[in-house]
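Right, I'll just put the structure down here and ask away after.
Just so it is clear, A, B, C, D, E and F label the chains in written order, and each chain counts residues from 1 on its own.
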Amino acid sequence: MSKIAIFPGSFDPFTKGHEDIVRRSLPLFDKVIIAIGNNAQKNRYFEIDYIIPKIESCFEKTDNVEVKVFKGLTAEFAKESGAQFLIRGLRNTTDFEYENSISQANKYLWKDLETVFMITSPHLAYISSSLIRDIHKYDGDVSGFLPYKI
Amino acid sequence: MSKIAIFPGSFDPFTKGHEDIVRRSLPLFDKVIIAIGNNAQKNRYFEIDYIIPKIESCFEKTDNVEVKVFKGLTAEFAKESGAQFLIRGLRNTTDFEYENSISQANKYLWKDLETVFMITSPHLAYISSSLIRDIHKYDGDVSGFLPYKI
Amino acid sequence: MSKIAIFPGSFDPFTKGHEDIVRRSLPLFDKVIIAIGNNAQKNRYFEIDYIIPKIESCFEKTDNVEVKVFKGLTAEFAKESGAQFLIRGLRNTTDFEYENSISQANKYLWKDLETVFMITSPHLAYISSSLIRDIHKYDGDVSGFLPYKI
Amino acid sequence: MSKIAIFPGSFDPFTKGHEDIVRRSLPLFDKVIIAIGNNAQKNRYFEIDYIIPKIESCFEKTDNVEVKVFKGLTAEFAKESGAQFLIRGLRNTTDFEYENSISQANKYLWKDLETVFMITSPHLAYISSSLIRDIHKYDGDVSGFLPYKI
Amino acid sequence: MSKIAIFPGSFDPFTKGHEDIVRRSLPLFDKVIIAIGNNAQKNRYFEIDYIIPKIESCFEKTDNVEVKVFKGLTAEFAKESGAQFLIRGLRNTTDFEYENSISQANKYLWKDLETVFMITSPHLAYISSSLIRDIHKYDGDVSGFLPYKI
Amino acid sequence: MSKIAIFPGSFDPFTKGHEDIVRRSLPLFDKVIIAIGNNAQKNRYFEIDYIIPKIESCFEKTDNVEVKVFKGLTAEFAKESGAQFLIRGLRNTTDFEYENSISQANKYLWKDLETVFMITSPHLAYISSSLIRDIHKYDGDVSGFLPYKI
């Protein structure tokens, strides 16, 4: 049975921190699906149709990475995708407490779903999508945070 | 003088984690008032009139639990209710830092009000009202989180 | 049934932070037993026979406080003392994580034992017995940390 | 070269905790600029024109404190003001994780900008602008939190 | 290339929390080596020769688990064992901060070594080897913490 | 009045993380004294006479850095040295909680002593003296952690 993991998030935008986790997790899985949650209630800063090709451009030379969009519950999308694993990055203790709850909720929703964590590389651990949006809003240079040009 | 405690919150919804704290605190107090804060600025997901009977149903056989709704400051409602104690649950370090500030603010507002804490039972510690609302919004099964049917 | 709580610790020495928690918990209980754990493996800095009268001196005018010494497991001493409650202070997140484990272990050892927490008053939250021992070792003035003279 | 630091924030309102950090940092710098970020997206509770004179009133007898308003990125305002330092207060671990990311982002935006921290005095560490707004909204007494009358 | 992970520790003793992480990680790897660090400076409470058969008894019916003893650096033992992965459990924020440093040190010692984390199941998260030793020292019942009889 | 800071520690050994904090603090002060605490109770791994020249070698070209050894309380050494400031690095939340207590104890011992913090650069934040001693004990390569050869 092939080992499939989903890497879920809103990726608004997809950062070097996200890329770090995907690349480091690839040796563990046969396929990693970068799953963009399309949450209707949230107004995105970077549109989904703008972000998908950007993310795909990062993994052109990597054949076991796919980019998909989903609505609804992450656990259900994992089940539909045949993914028994969920991969997540941890940057600090605030992330840990949040992810601790989410991973148990996902386990409640689908008992076979295992969340596997990696600690984000230290030089990328301060990067977050919200920080990038704040800096970009005031015309700050965000190029150092993104694995593609915007 | 009877020992009265209030257990304040928005309870949107009231969870098994909340119930855990109320039941475990009952031996400490003569009466526990579950105090639903009716904060006009916040759009509730579960209406207050829907939640009150649900909470009451959990404690039908428990005579020293009351359910009340209040507006304004928790410390003032405690004073009006003759409650010298405030009971709160702690799930993780994020809760601790938040509750540390709130309990000192309540002490500032009414110096005789003592906040007493219990650590939420570990198998319930990942449950939060916001998590339940997120899952419920996408038709996920939240029955395992609630001590009543919805 | 009277409400008895034990306040366990090595109290090497008993600090103003400890006194803060005992005094603030008294309205909750009929009796609070300050339980000094006499752990043979640990070399005490302040001998137990020196500390007992010092602690007792703090509560001379308080009739529902007792000072006892015990060996072995806290949960067992609580059961022997007829105490259904254990009272503990929380100063910061490091305390929270430690106390979270200990309170669950005590619940495992005696399911009827409930640990009740209070957050230490902020101006006393930096005080610890080990800090006092370090300062005292180098002839520093520790009088501000202790509710009695040494 | 004179040592200039900016103390940035939205200061909605400016609290005794903020004042504590400014006063304790003054011996370190030749000038401290209290920099009020005027973020158009955020609806202020206390208008900027109301807050400026209040803050200035706190430092009437202190000649090396200025109050300025800025738009956009903190790092850029620091550069324009000739400030090589940014001074921030830390109240708890939640602050620490947030400030850790922000200080690295500011270093990314301007490598010569050094963020210097002080730990807020314990009796003021529970005070936050959001807590004050919540209490003020319900006509609670916030005078103990503010270094000026409102 | 087969995916080998080592699960390093002193395992003094090996707990249900350790077992939880090994079992949940098995679907990720072709082989998991439970690697007991034999640190000469530390006086063990449970001798290594006593613990090895106990651990092996837990995985009799599991063919891709081995138990080995090693001296020296974990990263070097991983390299010698052909293991590109290190699997570790996370119980709380104290664990997170410790493991964050250790995983980066291991990456420094062998850049190809990736540490993969899982969050310990909540009902086991309070268990630690040191807690078990403390309880066992005072003849407390530790059977609920161990996946084998002692 | 010249601005003097002490940077206290046991420095067993002095690491790149320590060096990072000293260098980044130099623009703030007229002089920084690297103060090695000579705690008789602790067996050092690297002798003080071995470490002093190593630290001095790091700052040969920096005229406002001194290296001194002291016994007893840090606050008293600061007072004797005419240092109104204490500079400390913060790597994570565990450091923060520890330093929060220590800085308040130092303020209690000498009210004019202000502790100023900087957050350690992320790529150095995992380094600790104890980690280096552990790796060095097993002949691991610690050169990447030290700003001098050993």
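Rule of thumb we're sticking to: a contact is a pair of C-beta atoms (placed from the backbone, for glycine too) under 8 Å apart; a residue touches a chain by one contact, two chains touch by 3 or more.
What you are looking at is a predicted structure, and each value in this text was computed from that prediction instead of being measured.
Each step here moves to a touching chain, and the least such steps from chain D to chain E number 2. Looking at B-C and C-F, the interface holding more C-beta pairs in contact is that of B-C. By residue number, more than half of the contact pairs of C-D reappear in one of the listed pairs D-F, A-F or A-E, namely A-F.
For the pair chain D and chain F, the fraction of shared interface numbers is greater than half, so the two copies use mostly the same residues to meet.
Chain geometry summary: the mean Cα position of chain A and that of chain D are 34 Å apart.
Centres computed as Cα averages put chain B at a distance of 39 Å from chain E. Residue positions 92-94, 97, 100, 104, 122, 125-126 of chain D are each in touch with at least two other chains.
Interfaces, counted as pairs of touching chains, are A-B, A-D, A-E, A-F, B-C, B-D, B-E, C-D, C-E, C-F, D-F, E-F. Interface residues of chain D facing chain B in the complex, by the touch rule stated above, are 91-94, 125-128, 131, 135, 137-141, 144-145.
Within the complex formed with chain F, the residues of chain D that make contact are 3, 24, 27-28, 84-85, 90, 93, 96-97, 99-100, 103-104, 114-119, 122. Residues 41, 71-73, 75-76, 93-94, 97-98, 100-102, 104-105, 108-109 of chain C touch chain E in their complex. By the touch criterion stated above, chain F contacts chain A in their complex at residues 92-93, 122-123, 125-126.
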